[in-house]
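Letters are used for the chains, namely A, B, C and D, taken in the order the chains are written, and counting of residues starts over at 1 for each.
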Amino acid sequence: MPKNYIAQRIGKEFKNGMYANLGIGIPTLSADYIPEGVEVFLQSENGALLFGPKPQRGMSNPDLSNAGTEPITMLPGGSLFDINASFAMIRGGHIDMTVLGALEVDQHGNLASWKIPGKCLSGMGGAMDLLYGCKKVIAALTHTDKYGHSKIKKQCALPLTGAHVVDMIITDKAVFSVTGEGIILDELAPGVTVTEIIDLTEADIINIDDWKNNEK
Amino acid sequence: MPKNYIAQRIGKEFKNGMYANLGIGIPTLSADYIPEGVEVFLQSENGALLFGPKPQRGMSNPDLSNAGTEPITMLPGGSLFDINASFAMIRGGHIDMTVLGALEVDQHGNLASWKIPGKCLSGMGGAMDLLYGCKKVIAALTHTDKYGHSKIKKQCALPLTGAHVVDMIITDKAVFSVTGEGIILDELAPGVTVTEIIDLTEADIINIDDWKNNEK
Amino acid sequence: MTKQIRPEEAVKMIKNGSTVMIGGFLGAAVPLLMIDQLAESDIKEITLITIGAGYRGGGVDIGKLILNRQIKKIICSHVGTDPNLISQIVNNEIEMDLSPMGTFVERVRAGGAGLGAVVTPVGLGTEVEKMAEKITIDGNDFLLHKPIRAEIAIVKAYRADSLGNLQYSGIYSSNPVMATAADLVIAEVDELVEIGDILPEQVGTPGIYVDYIVPGHSSKKRQEIYEALWIATNKL
Amino acid sequence: MTKQIRPEEAVKMIKNGSTVMIGGFLGAAVPLLMIDQLAESDIKEITLITIGAGYRGGGVDIGKLILNRQIKKIICSHVGTDPNLISQIVNNEIEMDLSPMGTFVERVRAGGAGLGAVVTPVGLGTEVEKMAEKITIDGNDFLLHKPIRAEIAIVKAYRADSLGNLQYSGIYSSNPVMATAADLVIAEVDELVEIGDILPEQVGTPGIYVDYIVPGHSSKKRQEIYEALWIATNKL
């Protein structure tokens, strides 16, 4: 399952003592892959820090749910605060890392997720604040859409959720770093070849020649 | 004692259920003159609402003091909040009335209290926010300075704490309303004559002729 | 002074065309009973100020007001959870004023705190630039957004006393900030307590902000409602 | 992760020329032990960010730093309680950056919350216009002030756990906001407790903001100190 692979790979980015906010979907799933011995403090933008897993049935608290209104529990040492305090925390640069899904990303660090003109409308919600505020931004998405087209673009075509904000891209095929100049291929998923990445990636990979030489 | 008279006269302005912030000095003293049966909720700009009188010796709480660092008590139903919440309450127009001391006021509703160039410097502190934010602003001051000069001016000479902010002036000689156009004499202190007010007031009193006619 | 009234009375303060702020977030921490009263009323043409749409799928909590076509305009940061709302927006039946969530809640705070604007870098280089004014401070660009206020705010808290002090429990969400930014504030609570039962440090919204208290569902009843909703929607 | 250290170690993080924010208000809710450590140190040329001067009369709490001439610049809203401070300002020994108190605390909040500016009507028509930029929004004038941040914030709270969560008691003052607006945050507390002893709703400053916890005077000792101070100064 590409989604599980991506979530598992995100897991490696968690460092001990890190404060992180995980978007809905694959990013949330990555919390299951936080390495043994690594303590991560999860933030929920609706106003909680250090929340834990879902409660058992019958034990849910109507006033404890995450930003997707799914029931959560609070861990010892957790804190609750109003939504302004929560976004002050996010926008103020206090969260070490956020992982967000995307419809597409590009080599300039742009990310699009909130609108497909004429087709789909959702509103940017808290994603923009996370993209502009968090110290490290990871975009997590499948490498290609259902037609096999690259989601890793030279230039996003969809309305942006954030401009020049992405630091790292994790897909089911590869891991990239985003620099001001372009993207750098850092890692291939197991079984993926350099040729495949070249075929499936629209963005310019600035170190692709090094990978080609290594493969030879 | 002029100060006690002023404080006593301020007392009549308290209405049941009112939220009020009282400045240091005479205004604070006016809390002793809140009429029987009138419940007033006092706010302290350092972050308390519904505080009560000084504690007994031995019963003071190091973390409960007013904006002048004098020990206070909290009354049942009181609340504590951080200083940003306190000034949001003040600036946001949620406090019904503030009473503040002044060095001088004028017929335009200007008030000066924070600086005498070359002589005295204090900083405006919270007074400016109170003047611009509270629904009703009362300036409480002695009518004249120690040389007998009027503190109720045509135009303030000292640096302003607030421009066009004063609604009412209470002195040891009289009570005035401030309109856009000038000041209105509403009330004389016991034993004070119209002639005396005319002599001691630099500002234009727009209804002074009515008072003169009445006195004849 | 804060008055305790029944939800049926409270809803009468809302008129056709009123601007109404409703606390909570995607169905959580929302004033359920007051929303039901609104949904059962004939009140129309409401301008609704809310962080986002209702519970995912629509038709729940504020989603009821959408189904009933009682909303003329929505000021919010997210609509993606309610397909009915999206279709009414796409069909130009509901006008939308959108801002990023952090900006939205600061705009409400500014409205309540007497601030003239919100100045934030969030959204630079995106369509948000069209929703704000771009200004430059010391060579850095920011977006300037205007404050938001409502005629009526309906918020949800855990407990209240008769001075209107509100205590929150769990996720406070947008309730504390919305309680500061309306001409009239109605708070729906699980429980009414005596003055002094809510300690000064426990007060989340001081009574100065609250005009009316409405008794809502009990905490026990709310637990049953949310547990059932979560189970029915495969979230528990 | 938050580390517990002794005040003598904590003070070493402050250097000549450091920009230091100190929580509290005219001697109340201030980190007494850390201020004593600073006063006993050789650290000079400090830019001090504080709501106002120290306890009335000077020489107490941050007034000690003034007496020692350790301050180069003060960013604040009020200096009237400390005659030593006033004379050093008047003699151009200390530079002053003044703003109205509500504006000052919003500038600190903006510094911590990633906002670009504070936009407020307070001070229009006064000398404050010289301390800010005047802007017009929809025909109304406002003053735009820049955010304030520090290298180091020293705040005072009631209790802390080892994750750095802070609980306040009584007047919180500027401590919560200052804890958000510095590169390094040191919290002096009456008491250290186990993780979980401070309930989620009781946390005033989440641990994410706090780098070091310093054990301060006990609550009992602080009661004695303030009671004696108040009696000595005819306030009790």
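Keep in mind that, in the parts below, a contact is a pair of C-beta atoms (placed from the backbone, for glycine too) under 8 Å apart; a residue touches a chain by one contact, two chains touch by 3 or more.
Here the structure is a predicted model, which is why all the values come from computation and not from measurement.
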Task = Report which of A-C and B-C is connected by more C-beta pairs in contact.
result = A-C
Remark   = Between the Cα centroids of chain A and chain C the separation in whole angstrom comes to 28
Query = So how far apart, in whole Å, are chain A and chain B when each is placed at the average of its C-alpha atoms?
reply = 55
Ask   = Can you give the whole-Å distance between the Cα centres of chain C and chain D?
value = 33
Query = If you average the Cα atoms of chain B and of chain C to get two centres, how far apart are those centres in Å?
reply = 36
Request  = Mark out which residues of chain A touch at least two other chains, giving numbers and ranges.
outcome  = 48, 80-81, 87-88, 91, 132-133
Ask   = Which chain D residues reach two or more other chains?
value = 106, 109, 114-115, 120-122, 168-169, 201
Ask   = So how do the chains connect up here, line, ring, star, complete, or something else (other)?
value = other
All touching chain pairs, where touch follows the definition stated at the start = A-C, A-D, B-C, B-D, C-D
Key: Contact footprint of chain D on chain A as seen in their complex   = 16-17, 19, 41, 43, 48-50, 74, 76-81, 87-89, 91-95, 132-133
Ask   = Residues of chain C touching chain B in their complex?
value = 1, 109, 112-115, 161, 163, 165, 180, 195-196, 198, 200-201, 203, 206-209
Note = Given the complex, residues on chain D that touch chain C span 106, 110, 114-122, 135, 137-138, 140, 142, 144, 146, 168-169, 201-202
Complex contacts: residues of chain B adjacent to chain D = 45-48, 54-55, 57-58, 60-65, 67-71, 80-84, 87-88, 90-91, 110, 115, 121-129, 132-133, 159-164
Task = In the complex, go through chain C and note every residue touching chain A.
result = 25-29, 51-52, 55-56, 76-80, 86, 89-90, 98, 100-103, 105-106, 109, 120-128, 158, 168-177, 204, 219, 222-223, 225-227, 230-231, 235-236
